[in-house]
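What follows is a set of structures for review.
Here subunit A shows up in two complexes: once beside subunit B, once beside subunit C.
And then the complex of A and B:
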């Protein structure tokens, strides 16, 4: 009954939309399929890609992390300040990851061990992280980014920006962790049915803790990448990213209810939103008109994901 | 009363009723009459077509073929209130935070929409309850009542709008023995008042207690019907299953002497000072009413809920008692509610089978990494447990109830346990699968495993165990050996209100 094509649509509901958009934009704009445009598009979405990996793991357990976006800002600002003082890039990277780790650990402990609701908990950490980013930077871009970091932001190999390669490296590592380890399997099972996981002897608290920790670490890395992309640590860098991150994960086909999805799907979801934004800019559609189109597309994507994964009657 | 019921015309008649979904016939050619004051038992295994028949009778489904006559006249589709037919479904339709009176009148509130006459609603509810001879405070909220009283409110509500035919679908599944008796008394009252009742149940004892006539459905077909007085229970069961049942009492080998699991002074909120021991090769049953604390004890032993006291495995004290510690000692627990606490419904059969013992399924060179061998091992398990599924990659939610239970059983047998605790192992599976599961359990005991079965189904315990412990309100109140089994004594011990110190060894 199920043909291979239908089976892959079931797994990757974003593919038909990506194909349709790519064809449409290449017809409307001759610039769309040039290497320069593709490189710019990939580079601009590296931060969202890295952050969306973390959100994917959180979604797989049936949770949500609203703080990812502003933890990106906080780790960027603190890392930027440290690098401005010391001009030490490894220390800056370490600082960004450490800040992300701390926020992730706080979320993880409160949600996994103290059983607070993910929505409320991460909403609170979102506010705190945003506050920290603005207080420490006094609301303006942090100056004094080391030259190496600026260079890194412009580096690319064979038309793929270095920042995107970092993202793809993290994609490969996290996809392997999800698909090939006991830990990854347990993430899926906890998301599918937390009660059954407990009755089966899975350490549900630790699994929940670990996905928020991972999301924090990845947000920290994304924060550092944002400095390389933009040239400065910007305190408001994450503010507009949250909906992009959630949208990408959902459009990719990972369910918010848990136990259904993958890192690969999220990569396609990020690609979909990247092409959409880029293409609409090229065609010359104003920003606020783009929002309407994005919203409609999320409807379509959610509908396709539901249709292909056969969850309608579940 | 009974005499008039025989001469009066049937209140509801069904002729050649059939229903097909997408070309598949699920109810085929069902015909019967029901007179005022009569009770018909609708019996059959899971999937026999009882629910579909019920849904056609209360107007939720349109029949594909056949006709329904109300008071001698053909009606195209049943309209409950208009034709006086109401149904109480398995899932109650009450609002927990509203009062009894509000719930009873919710579909037809007196007064105007913006200004409901609550005093009148209360009066209507009171009058109805009084009429049925039920004492329930109409101002109490539904959630403050027990399952039995909720059921009664649901019935009173149903009869308020339609009082000629009442359909009861498995009304006793969540009731205690005492509540069940009260419900039967109410049914008797309704019969005397001339209400025709269609009673759907799995439990043969209840069918015989409540009904005058019966209809047996098997695979959607009406395979029998008539007066219950003419048909012994055995014959009725064989009609349901469609084959002759050999003696269901299973042959057991005598248990060994070595202690496998023992519990001393186990105490928690739901139970107190529980002591018992189960030996290698022994099957121990734990009996009791709903809320007696049986499941809670099983869960405490498996480390799923906190308790004080001592749990010993092979004479060695386990401390602290956690799921992991019990699994390490080759103990397993197969929970009662497989959909809530057992299965990962949107994950494949393969992952469900390996979930509790992934290391028994894979060959790894790196700790925690890789699933080589899992598929082959899962395939073997599917074959061994006789699970009917197209592929091990199918989601468990695609499987039937019996196959789901086999997957859960397979998961825990894959942990190679020495001590097995089963909580309601045959709940919601049909009679055929039930015997298979009993045979599997007996086989485990013969192989020297220690088994504990927690069950509300007393005949199941009588057939499959060496020894039965009886619980009441969190206390162990009795113990029976197989040679002394007496269902009446066990039930009365479990249900009696007296203090529980009559230990019967």
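And then the complex of A and C:
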């Protein structure tokens, strides 16, 4: 039972599904494995990837952040307005990150220090962020994005879009922070056993504060990336992303109950959902049929994840 | 795992068997599906079938990111042309630029992309005309009424060109009517808001003479309000409230046939869909096409609606 294959399946339950989907889609669509398709698929999922990293850290502490999706929208809109006025790209990037940081800090203070429930707190910030995005943009896309940002959205190196490389850079940084630092070990411990964490002298409040802050910062970056991807900042950009983000993290194999998971698993979860939506489109399956197939495959994914992790516990 | 693979394989095979035929392949990128959009899409599919074109349809369900990715995937599939109804006119230009780079012509339908440098042609409803016909009917019906004439206008979404143009047309249609007091009710195309807005309007002003619904799917809500107030009076009799709308849905048809609504403007959804495919065919043949093509609707009253049932898309 200790073969390397089985061990990696336990850690990465998404791998067999990804492999099966990739084989099936490449058999049934001659376009699936083309470099153009892979590039488009990677680029389209950069926003979800970056946001899902933040959600992973929140899940590791046993919390949830429902505001990530609309903080993406609010950061995008405010950053877009700033760039339309000033034509200053670094200022736009800074604005997006600052907006995300503020929302993350509010969530972090309320949940970490005031001990409010993560679900309700972030539901409230979700509404506020969505409201701000629509009020400031008056409900329509913010025009006047500097050309550099548009060009950046089109750039790619060796078939990997620049926006995806930004995401992968953040993956490496955050995986290192989780796996190689004291802070990372404390995050894991807080999620798996908060009482034990408290007795060992870990500042549980600060750890909780820090993961929501990080999720906010990453949502801000994701908001800026959405502008590069779409060409404009749109107020509704994050509205449909929340379940994609949560789904990617959970399918990747990170537990919503805390203490179990990793950034690498989330990368695989994002890849799984990316392949699924892209492939179903390529194969030409009608939209609402796709939803049914997606739902069924998520059952399968959840079952596999349970099965593999169950073996580990046994 | 084998079973699971098999299931995917079978599904995929069933659904792609038709997709590899030779010939012209049109990518159809739809913002989301609702009654009138489906009616236009059916026109597109019918015309494509008549010409032996294949249609690859993708639906974004109101998500601009998704629509971008889907247009990319149509480009990857090397479609010969793309027909698009955009979720948001400002956010798919990037994906359309990629289509242009790949030499794939783009035609917009139902919702124009006026600022686009890629879209070669547009076909959609003549919303100003449609609104004007409802306005002209209303003006004629209320000719000679003494004193202030209060009219409720249920406005569509303010960021939707079709909603804006229907409103503009309706106002042109009633321009010659004197002493009009227009009560604007913004609905964002939402039936619940239309109902609540109509109720408020009648409470504040019980003597309202007419209601114009930017979409006839709001007429059942208007009917509810009129029935509550005991104001359902046949056309032509004292106390009748003139009700008109634009669209052509089954809601509108039933209301007109029952006599609750005076008449409605029916959009040429099938003609729009067929024209869209015709534009694609002409562009692929290298012919010059008009940039903007509009299909005016037809006005039907209780007397004409039933006889023309086959021309009303919602009545079929």
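Here, the second predicted complex is superposed on the first by the 310 of 314 C-alpha atoms of A that agree within 3 Å, B and C clash if a C-alpha of one lies under 4 Å from a C-alpha of the other, contacts with A are read in each partner's own complex, and residues count from 1 in each chain.
Here is the rule we go by: contacts are C-beta pairs under 8 Å (C-beta built on N, C-alpha and C of every residue); 3 or more make two chains touch, one makes a residue touch a chain.
All figures in this text were calculated on a predicted structure; none of them were measured in a lab.
On the shared subunit subunit A, the superposed partners subunit B and subunit C are arranged side by side without overlap. With both structures placed on the common chain, the touch criterion links A:182 to subunit B but leaves subunit C unconnected.
In the superposition on chain A, A:158 makes contact with neither subunit B nor subunit C. Once the two structures are superposed, subunit B and subunit C can be ranked by residues of subunit A touched, with C on top. When the two complexes are overlaid on their common chain A, residue A:234 makes contact with subunit C while staying clear of subunit B. In the superposed three-chain arrangement, the CA centre of subunit A forms the vertex of an angle with the CA centres of subunit B and subunit C, and that angle is 130 degrees when rounded to a multiple of 10. Once the two complexes are laid over each other on the shared chain, residue contacts for A:260 go to subunit B alone; subunit C is not touched. Applying the stated contact rule after C-alpha superposition, one finds that A:196 touches subunit B and leaves subunit C untouched.
In the superposition on chain A, contact is made by A:277 with subunit C only, not with subunit B. Figure legend note: subunit B and subunit C, brought together by superposition on chain A, show a least Cα distance of 28 Å.
Comparing the two interfaces of subunit A, the one with subunit B and the one with subunit C have no residue in common. Per the touch definition, subunit A reaches subunit B in the complex via residues 180-183, 185, 188-189, 192-193, 195-203, 259-260, 314.
Residue ranges on subunit C touching subunit A, taken from their complex, read 1, 4-5, 8-9, 11-13, 15-16, 19, 33, 56-59, 61-66, 68-70, 72-73, 75-78, 88, 90-91, 93-94, 159.
Taken together, the subunit A residues at the contact with subunit C in this complex read 16, 20-21, 23-25, 27-29, 31, 34, 36-37, 40-41, 43-44, 47, 139-141, 143, 150, 153-154, 226, 229-232, 234, 236-237, 239-241, 277-278, 281-288, 293, 300. Touching subunit A in their complex are the following residues of subunit B: 304, 323-324, 327, 333, 335, 340-347, 351, 355-356, 358, 368-371, 397, 411.
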